[in-house]
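Chain lettering (A, B, C and D) follows the sequence in which the chains are written, and residue indices restart at 1 in each chain.
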Amino acid sequence: MNKYIEEKIQTFKARNKNRARLLINCPDQPGIVAAVSQFLYGYGANIIESDQYTMDPMGGNFFIRIEFECDGLNEKGSQLEENFLSVAEKFNLDWKIMYVREIKNMAVFVSKEPHCLLELLWEFQSGNIMANIAVVISNHETARDMVESLGIPFYYIPSNRDIRKQVEEEQKELLEKYEIDVIVLARYMQILSPTFVEDYQHRIINIHHSFLPAFIGAKPYERAFDRGVKMIGATSHYVTNDLDEGPIIEQDIDRVDHRDNVDAMKKTGQSIERSVLTRSVKWHLDDRIIVEGNKTIVF
Amino acid sequence: MNKYIEEKIQTFKARNKNRARLLINCPDQPGIVAAVSQFLYGYGANIIESDQYTMDPMGGNFFIRIEFECDGLNEKGSQLEENFLSVAEKFNLDWKIMYVREIKNMAVFVSKEPHCLLELLWEFQSGNIMANIAVVISNHETARDMVESLGIPFYYIPSNRDIRKQVEEEQKELLEKYEIDVIVLARYMQILSPTFVEDYQHRIINIHHSFLPAFIGAKPYERAFDRGVKMIGATSHYVTNDLDEGPIIEQDIDRVDHRDNVDAMKKTGQSIERSVLTRSVKWHLDDRIIVEGNKTIVF
Amino acid sequence: MNKYIEEKIQTFKARNKNRARLLINCPDQPGIVAAVSQFLYGYGANIIESDQYTMDPMGGNFFIRIEFECDGLNEKGSQLEENFLSVAEKFNLDWKIMYVREIKNMAVFVSKEPHCLLELLWEFQSGNIMANIAVVISNHETARDMVESLGIPFYYIPSNRDIRKQVEEEQKELLEKYEIDVIVLARYMQILSPTFVEDYQHRIINIHHSFLPAFIGAKPYERAFDRGVKMIGATSHYVTNDLDEGPIIEQDIDRVDHRDNVDAMKKTGQSIERSVLTRSVKWHLDDRIIVEGNKTIVF
Amino acid sequence: MNKYIEEKIQTFKARNKNRARLLINCPDQPGIVAAVSQFLYGYGANIIESDQYTMDPMGGNFFIRIEFECDGLNEKGSQLEENFLSVAEKFNLDWKIMYVREIKNMAVFVSKEPHCLLELLWEFQSGNIMANIAVVISNHETARDMVESLGIPFYYIPSNRDIRKQVEEEQKELLEKYEIDVIVLARYMQILSPTFVEDYQHRIINIHHSFLPAFIGAKPYERAFDRGVKMIGATSHYVTNDLDEGPIIEQDIDRVDHRDNVDAMKKTGQSIERSVLTRSVKWHLDDRIIVEGNKTIVF
């Protein structure tokens, strides 16, 4: 990675060495907030942000994301987690703590159209995407130059339906080598096999170039044009084994009119795809997304 | 109709007594604009607005909407139309002239939810919808008071699938009695029979409470909620005999999030439905919409 | 008030008899959330919604809005408040508890243009504005019919700069008579005197027909037109004694272009004004707004 | 320039060798459209797009932009222009013909923040900005690498108020050397001298980081934060000698809330600045903008 970005990352880590996020998902019941906030207070933690949501006030699930600052977190962290077990048990919590200083390793998969990748790289360079973009994997050579110019390794792995198994073997080796936490499909036009998807459950983010559930599958702009819609959209979602049916993270749209042919729609759409995907990636990196069933809660 | 609205309509008619709109749809070829504008100039007409669109620069259809002002139009109109026939023949034009002073007679069909009707009535009162809302027909009594308070006749015709034929007979009598030019389905939850639709081709405007083609058919908000979308929308379209498949006139959307249950989505959606339907009705009344195949050109 | 609305209000009160909102503003320090949530838990209260904000993580102010459900709140309320004093004292809290069943009494002031009032009345009728619109006061007769048709008292008090003192005396008598909690200036084109404003600090909501701070003062649409802007907006804010300088609650905009003259801008603007004002009023009624200095925190 | 972009430009020129745009601004009078379209028809030209606008139907100015395709335009062009003089004289037209194959030479001025430049370069690479970005001039070295990597000359000219005269001399030499048609100030934080501005009247496009006329001048995000606005914006305009008062081309906004500090506003704002400036540049390159007084007509 180039020196300039490396420096930004180090500054970020230093500034956030005492910062963590606690995510909880559990059956709703009185006393959870009291118990958790009391526990954190006991460690001298100051709650910086807290968002909560009760799925249905009477009897549903309860979700909370707490971001806190705690002196000496590096040293206290593991003990804090251990002691939290009793709280977790009492309230039957599904929980995790994410340390902000441990930035995530990201792999980007891309095919021929580089606009989404470019936006990610640009936000990465600007310090707005705080991850380690460890590797870019593509079934085309198009993006090699722009990726390598930032000091990021680029792997060209040609791909098609017939050799998927072998391709995914190579990809998995790279994902392991670079200890990847999250995979971003930045207009990667290949379908992943079920086992691949399961290995990275809720950790593969895809951008689909339509306002889902309209125009699931191939050629959404062509079909939007044929239907004569007045708006086109893009949708980011976690990948599941039902094509374009995974939990939606974010959507956005823009206006088109009768003057826009398919090419014009694609150009407009690229701009939406770029921003929708980038927002989703940022939320994922900030641990703002909780998946519940086939939906997301975005705090 | 009450006196205040009647007065607005008379003022509008007087101010527009020399104003007309010429709509043309024809195979593209050089010389059309020259011939048409030369023709209008010959009558002393001044072109106020002109919008054109060529479907595909090489070999497609050509569409133009010209709004013009012409002294003594009331007297010259029929002669102008007669003489235009030779131009129309030469270029094989599909055309019509609409006189702005001849405001359209509108019928509104509504079921239980009155929000779209209310918006139309409010825009009507404000002079923003320049039509004669001649009659409101409903299969519920809910809206009677608000309609009659404006001096508009209200007819309650209970309806269901089994008695559709008889209901439509009654409706058609009313449409004839009030010489209706355009029907607005302002959340009218009954399906119209094929012959009814054909009698008013491209003159029945419906509002569907989803971002079509997502959630065609019943209970779109419920299905949007189940899918976990991050935006909900509404779509206005001309009614055809394929449910929710008619030419789209306008669409709009608004954001929702995980906190919004079905009821909250409905409330947000009502606001979108109101504005999308109202915009469409205004465009129709201004003769801004040309239907071509299953699409609209909105000038 | 008419029976239909009265019924909606009664249902709302019954459904929310155990619901309250606790609003806190205090210097940031560890332990607040723990103490407050522990306190509520002690009363068997279940936290339904909680939003918090720390102005500056290191040393700024802390704000929280907690909505909770508590069995027997009607009986427990005063004791709960009394016992909360010790928590409040310990953390130096500026706080209040609002009981959802105690819906607010609202007065609407309006001049000649009724669009904002109409939107409020429509949302009121629909049960989306849960307040008691107790009185409408106007310096024009325009709105009398629509107001009285809902059973709401309407007072016509002609007004101008020279008789402001006397006019405000009459207005204040009405405000006292109807025990008004919040005043909405729904395009009321008169300036209120400083003492009037002070008596209702952070309880008078105004809609200004521009995107503040652009076009402060009179004739904003005319000035927007002269400047050739490509978007117009509206701003709602709490009234202070600096004209159009009070804490902004909400803003929105819409596109205009060179074809829009001042009248067209006004029509577009009315639609923005309606929705911006209505959103603000709902947030105020839901106790979602905390004023801090000259800014609002909207939870 | 790199080979890939060069190729795109050549393809574009070849495809548009017979395409031109006629822009007219004149006093309104009947017969203009007829005369102009008749004239073009006489040359066998086919009108592809035509947009017109009459400033005030009774007695104002008339504006039209006609895009046409004409076989052998390269050869016929000068004769066509010569013969058009008689039409122009008859109707007192202010007019110009722009040949689409003659793509414009663009200079970009930038200071420290590269986001707007980057967006322009990215759209340039993608073939969405059809100009020859001939030179980038900056008073910082920040952008050198990204510019030179595309084969575009980059000049570092340190600048401040005291040496403005000398700096502008150097800049002007470069503008002449590269035969610049249009200058884009992509967050160039220096004020240009009056003579410089006059030399490039309506050919210098600036992006201002606020929703003008709010926050004219320095530090708009800081002032937006202090005022507590709920939306921030950006404005592109042609540069005149009144700071931030030139004819507005485009504006856009995005939402912020109490959680956004100045830095967060800047990041949100950068995204708006990028898209607003890029849209404006595209419209300028497509000859869609006519300046009239201190306003723009954007066709």
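Keep in mind that, in the parts below, a contact is a pair of C-beta atoms (placed from the backbone, for glycine too) under 8 Å apart; a residue touches a chain by one contact, two chains touch by 3 or more.
Every value quoted in this text rests on a predicted model; they were computed, and no experiment measured them.
The greatest centre-to-centre distance from chain C, using averaged C-alpha positions, is reached by D. Averaged C-alpha coordinates put the centre of chain A at 37 Å from the centre of chain C.
Among all residues of chain C, none touch two or more other chains.
Contacts between chains leave no pair untouched here, as each chain touches all the others. Those residues of chain D that touch chain B in the complex are listed here as 28-31, 33-34, 37-38, 40-41, 44-52, 54, 57, 69.
Across the interface of their complex, chain D is touched by residues 115, 118, 122, 126, 128, 149, 267, 271, 275 of chain A.
Interface residues of chain C facing chain D in the complex, by the touch rule stated above, are 53, 56, 211-215, 227-231, 233, 247-253, 257-259, 261, 294-298.
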